[in-house]
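Here's the structure we're looking at; comments come further down.
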Amino acid sequence: MLDKHPTLANVAPEPGVGKPNPILEADGLKRFFGGLHAVDLEHLEVERGTITSLIGPNGAGKTTLFNLLTGFDRPDAGEWHLNGGPLVGIPSFRIARSGMVRTFQLTRSLARLTVMENMMVATKDHVGESFWGALFGRWRHIEAANEKIALASLERFGLDHMKDEYAGSLSGGQRKLLEMARALMVAPDVIMLDEPMAGVNPALTQSLLHHITNLRDDGKTVIFIEHDMDVVQEISDWVVVMAQGKLIAEGPPEHIASNATVIDAYLGRHHGEVP
Amino acid sequence: MASQRVRTVLAITLLLVVASPLAALAEGETLRGELEKIDGDERTPVAGVTIEAELDGSPVGSAESNADGEWEIPIPGAGTYLVRLVVDTLPEGVALTDPTKFELPNVNVREGQNKTVRFNLGPGLVSGVGTWTRVSSLFVVGLKFGAIIALASIGLSLIFGVTGLVNFAHGDLVTLGAVIAFWFNAAGGGPAWHILIAAVPAVLLVAAFGGAQEHWLWRPLRNRGTGLVPMIVVSIGLSFVIRYLILVVFSGLPRPYRDYAIQNDIQILGITTVPKNLAIIGFTAVVLLAVGLFLIHTRLGTAMRAVADNSDLAESSGIDVQRVIRVTWIVGAGLAGLGGVMFGISEQVQWDMGFKLLLLIFAAVVLGGLGTAFGAMLGGFIVGVAVEMSTLWIAVEFKTAVALGILIAMLLIRPQGLLGVKERIG
Amino acid sequence: MDIVKILIDAGRAAIGVPAAAYALSSIGLNLQFGYTGLLNFGHVAFMLVGAYGMAITVDLGGSIWLGVPVGILAAVILGLILGFPTLRLRADYLAIVTIAAGEILRLAVRSSWAAPLTKGIFGIQRFADEFFDLNPIPVGLYGIGRFRFDERTVWVLLLGWSLVALATVFLWKLTRSPWGRAMRAIREDEDAALSLGKNVFGYKLQSLMIGGAIGALAGMFLAIDQQNVNPDAYIPLLTFYAFTIVILGGPGTLFGPIVGSVIFWFLFEFLDGVMTALIVEMDIGFLDALDATDVGPIRFALFGAGLMWLMIYRPQGLFGSKEEMLIDAR
């Protein structure tokens, strides 16, 4: 088992508990689809510099929560803060720029851009990306520098040999990898991964897990959705459990594994009685 | 041969539409006439009355009658003009014998013709048309227009709902319905059936065409995984194919059906209108009611709405989505064809009538909510009435702009439309 | 049927004024459709405001050189008005609003309300004298055999193809830059672009405005050649020409619009010649029912079918790479 993060050692494993140094805080976040309460959170904090797993049965509202937090969907109520700054009403692209980047459950590769272009397009604050900058700015040296970073990243993800192929010609697993590598090019503080391991072969899973722990060790905060409990147990510092839109449990992985509420939620007993 | 056919029809049109076939040949086309007040046997010229002419909604000129009551407006060329007598300029004690006939909308002028246009004047107590008459008759015209838009819109909206495609060729299905009915009703080699009978094969053929389109074009494209944008481009390509083939076959001249082409106004409940307007409204209401009942109470209708709402969910709950899509195309196209026949009865049949209607159809479906059948009906009526009533305040030529205004305003305020729900994201 | 004559006429058309005008117009549409994935079905509206912006400026006593920026500004504003309500929504809403705007604008300039400025259905004439006065080319015919142009046409063609060249260089600068890469990312997947921090709405608005401004230039060029603007010239068919050209040449390629336009106008003229010959001169049974006025509509129907065929089987254009096409089919 990999190293656990020290700062969460003294945090009580209760839903909605406060953390010593949260990077992300959400309050009363709600999203309804007709009568369905897809997300209905009271309070959630994510500790800075940790790996937090978000788990829950299918349809629990995990992806919807990601959509809300990253501005891809609007909540019916509630507010949330990144690094203390409010994010209500901020468009998704600004949230991404302010340091919180997500990937999608169904991969979204930019098919008719090459793998390298996929990486390069993700860089932030690039003069060459504005109209006037593109025409008159000096951006070639920026491109050259970014290309080095991108290449190094592609190497880590085992995609460097594909760099001049169209992203659309990659396999499903490769696309997952590319999407993750691309998200990292934005240089985010918080990276949110929606089932990054789904469809990736087991050998690669191990190296992906390794990347994720490396990210944390570089000081980034990782939130990721995962169904495989072994994986969750292996790398999470903290686990948050959702069911039917609500936060039903959180705590260190060992705690969650033995939590009766969580087991009930997964096995579907006591449906509707979940607090 | 085609041009001979055209000429015959043109002659018929002239006879039908304008009751004054007098024509003197000279160079340069003009509209002209003599204004006389006829009171029993006594005829007196009426001077100082303004006459205006418009072509496709824009003015081409105006003239004032001289001391002999004569007036003349030079015009740019042959075409179908609207000629209007400005009622306010009639002197005291002179009025139109039929107060609603201050506008003659279909004055056909041939090459080189000096076209005589006649307004019948007599002694009148009321000069001009009262506000109530105008408002109420415009409202009825709006309802009729709305009914036609609604018929045409349901298909577009439902097809969007079940397949995600905005069909830019939908307007041309409207034209197709009108043109097929024209063949059965009024074409040279056709069976010359009454228009209400001719409507039956028209609707059936357009419905079949819709089904065939789905089977041989759209379904294969969906199966290939063709994206939204290419599909839309294909639909606009198809619209050009249909429209221009219709132009070849039907020619560019507007032509009326043999039945109900000219009707006199009637007064009913204080409303002045032509009977066919009321008939179209009534008939369409029945059809729309039937469609509504079909959607709510039959299994197929429920399935349609379910697929429109969420096709994955519908599929997983055992609905045969492909079949639902096919039926939607057939029903939607048939309704558009029916809308075309109604439109043809109401106005005339023209090769691009459906394309012109398309803008209003779009306004209706966006207003009501893309993908919802009831939204399309509601939107159709609102747009129809708004467009017609707007002419109370703004120039007739801008009435379609009202539809664009509604469209843009709706997109800004509530893009999902009145009855639509917010789109799925992510 | 004189096939040589038909071929020569088609060849003239392939490098003629319409070919240059539509190459330019399609360069604008290509930025919108080919690079950004925007469905602008009202490109004709941009051509219209460009042409009228210029003509009205001259008509009011301004110089044609003032008219050009006025026309461009008008197109940029139109892009803003049409893009603002629609570009946050699905791709089809822009298509709906632009196709509507194309029709409405034509009716608007025709109307009595606008007639004091636009001269209604009579249009505005002879506003480009300033340009023709500059013509340095001596009177005469240039070229060989039937393939000849007079000095006026040569002067116009020089202007047209220079504009095409300039626009191509401009697009080359833009699309090879990170800006162009962001545009293509948006074309591929808006949500992905958003998740990477790209201001998708802003980019799309820019694309619509810049592409529209290029369309407006094309509109001005056509108007200069004809020394005439008339509302009835700006029919939806013009947008459709540009779409066919962009797809023919390959959307999202630099030289696509030029290649597409040359092929398009060659085919246009060629089909015209051949069909007129078949219908009018020859005695072919089933074609008897048609006459010369049917040639135009039949040709448009054929082009419509061609557009469908291209979009389905060759969405990358006639010369597009197989590889890219395979990707698109997924």
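As written, the chain order gives the labels A, B and C, with residue 1 at the start of each chain.
Methods note: a contact is a pair of C-beta atoms (placed from the backbone, for glycine too) under 8 Å apart; a residue touches a chain by one contact, two chains touch by 3 or more.
Because the structure is a prediction, the values reported are computed rather than measured.
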If I rank B-C and A-C by number of C-beta contact pairs, which comes first? B-C
Going by C-alpha centres, which chain would you call the most central? C
Quick one: chain A and chain B, Cα centre-to-centre, how many Å? 54
Between the Cα centroids of chain B and chain C the separation in whole angstrom comes to 30
List the centre-to-centre spacing of chain A and chain C in whole Å, with centres computed as mean CA coordinates. 45
Residues of chain B that touch two or more other chains: which are they? 426
Within chain A, the set of residues that touch 2 or more other chains is 72, 104
Residues of chain C whose C-beta touches two or more other chains: 191, 328, 330
Within the complex, which stretch of chain C touches chain B? 37, 39, 41, 84-86, 88-93, 95-97, 99-101, 103-104, 107-108, 110-113, 115, 120-122, 191, 236-237, 240, 243, 247, 288-291, 293-294, 297-298, 300-301, 303-308, 311-312, 315, 328-330
Residue ranges of chain B in contact with chain C within the complex: 1-3, 55-60, 76, 166, 168, 221, 224-230, 232-234, 236-241, 243-245, 247-248, 355-356, 358-359, 362-363, 366, 395, 397-398, 400-401, 403-404, 407-408, 411-412, 415, 423, 426
Chain C touches which residues of chain A in the complex? 70, 72, 91-94, 96-97, 101-104, 108-113, 117, 120-124, 126, 128-131, 133-135, 139, 143, 166, 168-169, 182-183, 185-186
With touch defined as at the start, can you tell me which chain C residues reach chain A in the complex? 173-174, 177-182, 184-185, 187-189, 191-200, 206, 210, 252, 323-324, 326-328, 330
